[in-house]
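Quick one: the structure is below, questions incoming.
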Amino acid sequence: MLIIMDPEANVENINKVIKKAEGYEMKVIVNKGEFQTVLALIGNENKIITPDIFASMDGVADVQRVQVSFPLVSRQLKKQDSIIQISPEVKIGGKNELIVMSGPCSVESEDGIIETAKAVKKAGAKILRGGAYKPRTAPRTFEGLGELGLRFLAQAKKETGLPIITELMDIRDIEVVCEIADIVQIGARNMQNFSLLNEVGKIKKPVLLKRGMSATIEEWLLAGERIINNGNEKLIFCERGIRSFDSKYTRNVFDLSAIPLIKQLSHFPIIADPSHATGKKSLVKSMSFASIMSGADGLMIETHPDPENALSDGPQSLKFHEFEELMKDLQKVHTLANELY
Amino acid sequence: MLIIMDPEANVENINKVIKKAEGYEMKVIVNKGEFQTVLALIGNENKIITPDIFASMDGVADVQRVQVSFPLVSRQLKKQDSIIQISPEVKIGGKNELIVMSGPCSVESEDGIIETAKAVKKAGAKILRGGAYKPRTAPRTFEGLGELGLRFLAQAKKETGLPIITELMDIRDIEVVCEIADIVQIGARNMQNFSLLNEVGKIKKPVLLKRGMSATIEEWLLAGERIINNGNEKLIFCERGIRSFDSKYTRNVFDLSAIPLIKQLSHFPIIADPSHATGKKSLVKSMSFASIMSGADGLMIETHPDPENALSDGPQSLKFHEFEELMKDLQKVHTLANELY
Amino acid sequence: MLIIMDPEANVENINKVIKKAEGYEMKVIVNKGEFQTVLALIGNENKIITPDIFASMDGVADVQRVQVSFPLVSRQLKKQDSIIQISPEVKIGGKNELIVMSGPCSVESEDGIIETAKAVKKAGAKILRGGAYKPRTAPRTFEGLGELGLRFLAQAKKETGLPIITELMDIRDIEVVCEIADIVQIGARNMQNFSLLNEVGKIKKPVLLKRGMSATIEEWLLAGERIINNGNEKLIFCERGIRSFDSKYTRNVFDLSAIPLIKQLSHFPIIADPSHATGKKSLVKSMSFASIMSGADGLMIETHPDPENALSDGPQSLKFHEFEELMKDLQKVHTLANELY
Amino acid sequence: MLIIMDPEANVENINKVIKKAEGYEMKVIVNKGEFQTVLALIGNENKIITPDIFASMDGVADVQRVQVSFPLVSRQLKKQDSIIQISPEVKIGGKNELIVMSGPCSVESEDGIIETAKAVKKAGAKILRGGAYKPRTAPRTFEGLGELGLRFLAQAKKETGLPIITELMDIRDIEVVCEIADIVQIGARNMQNFSLLNEVGKIKKPVLLKRGMSATIEEWLLAGERIINNGNEKLIFCERGIRSFDSKYTRNVFDLSAIPLIKQLSHFPIIADPSHATGKKSLVKSMSFASIMSGADGLMIETHPDPENALSDGPQSLKFHEFEELMKDLQKVHTLANELY
């Protein structure tokens, strides 16, 4: 149930509603919007607790039953875009400057990641990506440098000031990852690892939630709902392609209409990962253009000093000079998108 | 096998190669490019007929074995874009003005289609779409007006000058359809109706080939190859979304990366149909932007005078004023795309 | 709407109901069951025509609104299994002897098909399969012998007495195919070729309707409904595998639960094609067992005198001695299935 | 690389090969077969380490390069079926008595699970299933009783002697789960939770690995390979249906051909879960028959004292008397399958 408070409602009005709801053993999530406060009442929706119990209270403008199973991430709860602050300078969501996260699939060496950080920063990237823990389908393949990789990322951040995004795969690594990460990434294969979702729901860092390989839009939103439901309020969705019947030319099918759809259904931002979605360097440019033009709040693009010799995902990584050229074009696309939306 | 003739090669040189190839019972397709002629030799590729049989002939610059199963539609055959002339004023492919085909899913009345034709022309559409024969999953539902619908389309063309695109479903209708259509559309459900493909391969009209609901990129290209192989050289691909595991919010998954991919693999143009791909009016704007920005040679967008009361596909059809506003924005996107590609 | 007549109802009662329904511009389909007659009233279901209009008429036992979009193929219309008579000796559906259709993917020579017919008959097959017209994804590949292939099939039938099933792809071939075919097969790629479905709906021969590669259960039933709606009452469904995200080891995913599901939803029989469903000879035995045990009314199994040199589908074809051994085992499985269902 | 030792080879011969391989930094897995020992050499396969380095050593019969990416689970490593001992009385794999695991989706009460254990034991089930930790797509739904549920399962085991299978979702629960579970289940959503797979690879209990919702056969085998690679040698695969484009009538598509396929590709047993695969009680009987007849080493079937009021998965659960009847039929199917395979 959503309690939309009157713009004129005072703290006392709000507290009374909260107290009453808690008296019915409902959990209350408070959303202070620009104009008014909205209270989401979760749980214990039974026949006795009807909207009219709250409708006549002082300061209550409206009471709505929520139709969706994901009220906390839903646009119903919050009309305006949620903006996620990553660092003092960088935020994601709303009308902003172009946000591109770039770097290698996996951190391979200290020199390599620092060189990459400098190159992508120069080209205009706002966030450095790099995997220290890598999910790999086959055992006995390179699975990342682990904590050493995290230390190299920390060094790259120190030298360039770029915030870091890196993947968390194992609950037991949550502390070391949070020490250096500015955004904690949940990978596609873990989108329904509910234990992991519960835990990142308890931290204060922004979480980037990649879509599972065959996750429906609703399952994805519900995975986000689980994070928010645990108390974290900093969520970023990331479309990275879904599995289809055809993988001859592209690794996945890039479900681009998911971008405007998520923005219609949820107040949280969504970025696009054309590198993983297509798995093909030659498609990154056009799909980056299309992502921005479809309303994405940012991009994740893989770069590598030497893609041919990358330990993972070489075929989809750009060289630095290619990335630099792409970024110039992307600025133009971003400017037009800002004008048209 | 592809025989790339020298830019200096004369007609005699070319004829000698053709004659030799035909002596080996190979079919020869002649492609006169801007700079040079390329001959595609089809069939009878056996161990005896090796490239060196042709390599030393006068006027032959290079001989290449073709790796793909779709040589005629392939970029290997022709580096430059094929441009399909629709009417004296309208052509599709290459760097052109914005090409938008618009109109209702099905023609419902003479007044309705004429009103639509005028409205979409005013907004900037170059081609009128409208179904006279409608494929319907369920029997006993409205299946189009048939020949009457064709006559209404002819009238709309007469009044506005807009070229017509309409679907052909049944071989027996090929003559009546060709009488009024400037582009013959093959629908998704018929993409592997090989008899129908063979027949539209024998006509002179441009054919728009929609992607089958679960057709791989290769199957789609092969369906196009079949048309070209029958002698028609005017092909336009159309991405209209593919079937996925999730149809809760969108009718299909719009496989947008198919657009740059087809342009890499084939010399024929490709347009996008965001209306059918998403099935949702609220996604048409962003997906039209994204399509153009990903390099599409044009768009197909459904409009209807009164979407709420349309006999088919109402939920995805725009009203005229919505279409008009969209077209203004699309011009800007098209201008930028022309600059960046 | 279904009008269930009383077992005691006489012809006059029935005719009065029909006349009344026709007065409302409804189409009436008469189903004379073992115990009672059921009338299906199709079309013009509006608010005025309610069940009570018919409920009080003499001889009417019950009136039911049909919930499904495929009333004619539905179990609601007819509780008992429809049994399709193929030849004086062979029928499909209900509790019968084991029905196996066998033969090559495509008819390649007169001797070959006659040899095959004799071999499969000896092993216990009841019907000879063989393609004269073959749908092929790529042009310029072997597409069957056409009418010559039909003549060879006719000869094989003459020599063995086996009824023939062969595929119809092109409306224009319907007469020549019907001349020799005892069952007309509609292939997966044509399951939504609505013109073709309409035409086979007008013939008197049994039609075997293969499931489309990505057809939902409902779309498949609706394709069958279209055939019945055109007047043909002899329908056999055939599950042949659906497209999935994994084609590394099997050509398709064999959706075996479709078999009991179709039998729950429809009164028409369903057979299974483990050869096409798996595309792999080594899986044909186990999947034939499983098909029969899941309730299939028959099987279609590919055999070839020399699979290694078959012009199509060699990897999934059994040799004659393999087929003969399989048939012995299948008899046992069939006996147990008959006992347990 | 596989080193197939001579049946006559002695311990010293074997040790010398191991020592040499370890000298090349290769990991050695020893498989003592009935007739001979096979050594799997993993890692560091470079150009220098060729088969001939080992081929001439004493006691070496043959050296084979492994083509697959999953050598340890592969049939290449071990021709005969691996048999997994669950308890002194129960084992899975090879030719055995009928193995059925049954019980509720989730443990709801002590009385309920004990009642169920007694009922399914009486009907012939060999193993009790029941979830204490339940993966749920939506937060704020019943997620199982946790440790309390485990205690109830322990009590049911104490009273009936039935071994227990229950799901592990969170690495931190591994000890409490292993205390009571005889088989640790990894659910579909965690099939690529690599941290969890690594950990269950280090325990001694049998692991049942459900197929991921859109996992390819190869990804599934690789997930199993990861478990074995960590040292656990007790693996059971479980097919539980995959995601498709159609979920109107069944929850998943039951990929039954995966059963004979896994048995061809791997030496580990595979069981089928028709309850989850179809999500529909009315399909459980036929799909259980089909599973056994396709060669499955066992079944997992959901039962519940009161399906209508189950907290999860009621629509797919059998009542006890239905289960009892089914088990009688299944014995007949199992007997025939044992005869025919």
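So that you can tell them apart, the chains are marked A, B, C and D in the order they are listed, and the count of residues begins at 1 in each.
Just so we're on the same page, a residue touches a chain if its C-beta (ideal position, glycine included) is under 8 Å from a C-beta of that chain, and two chains touch if they have at least 3 such contacts.
All values derive from a computational prediction rather than experimental measurement.
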- Task: Chains touching subunit C and subunit D alike, please list them.
- Result: A, B
- Message: Count the C-beta contact pairs for A-D and for B-D, then tell me which is higher.
- Response: A-D
- Item | Reference subunit A; chain at largest CA-centroid distance | C
- When the centre of a chain is set as the mean of its C-alpha atoms, what distance in Å lies between subunit B and subunit D? 49
- Determine the centre-to-centre distance between subunit A and subunit D, using the mean Cα coordinates as centres, and give it in whole Å. 35
- Expected list for subunit A, residues touching two or more other chains, is 214, 243-245
- In the complex, go through subunit C and note every residue touching subunit B. 42-43, 69-70, 135-140, 143, 169-172, 189-190, 192-196, 213-214, 219, 222, 225-226, 229-230, 243
- Task: Would you pull the subunit A residues touching subunit C in the complex into a rising list?
- Result: 214, 243-245, 247
- Query: Which residues of subunit A touch subunit B in their complex?
  - Reply: 214, 216-218, 242, 244-246, 248-250, 253-257, 259-261, 264-265, 277-278, 282-283, 286-287, 289-295, 329, 332-333, 336-337, 339-340
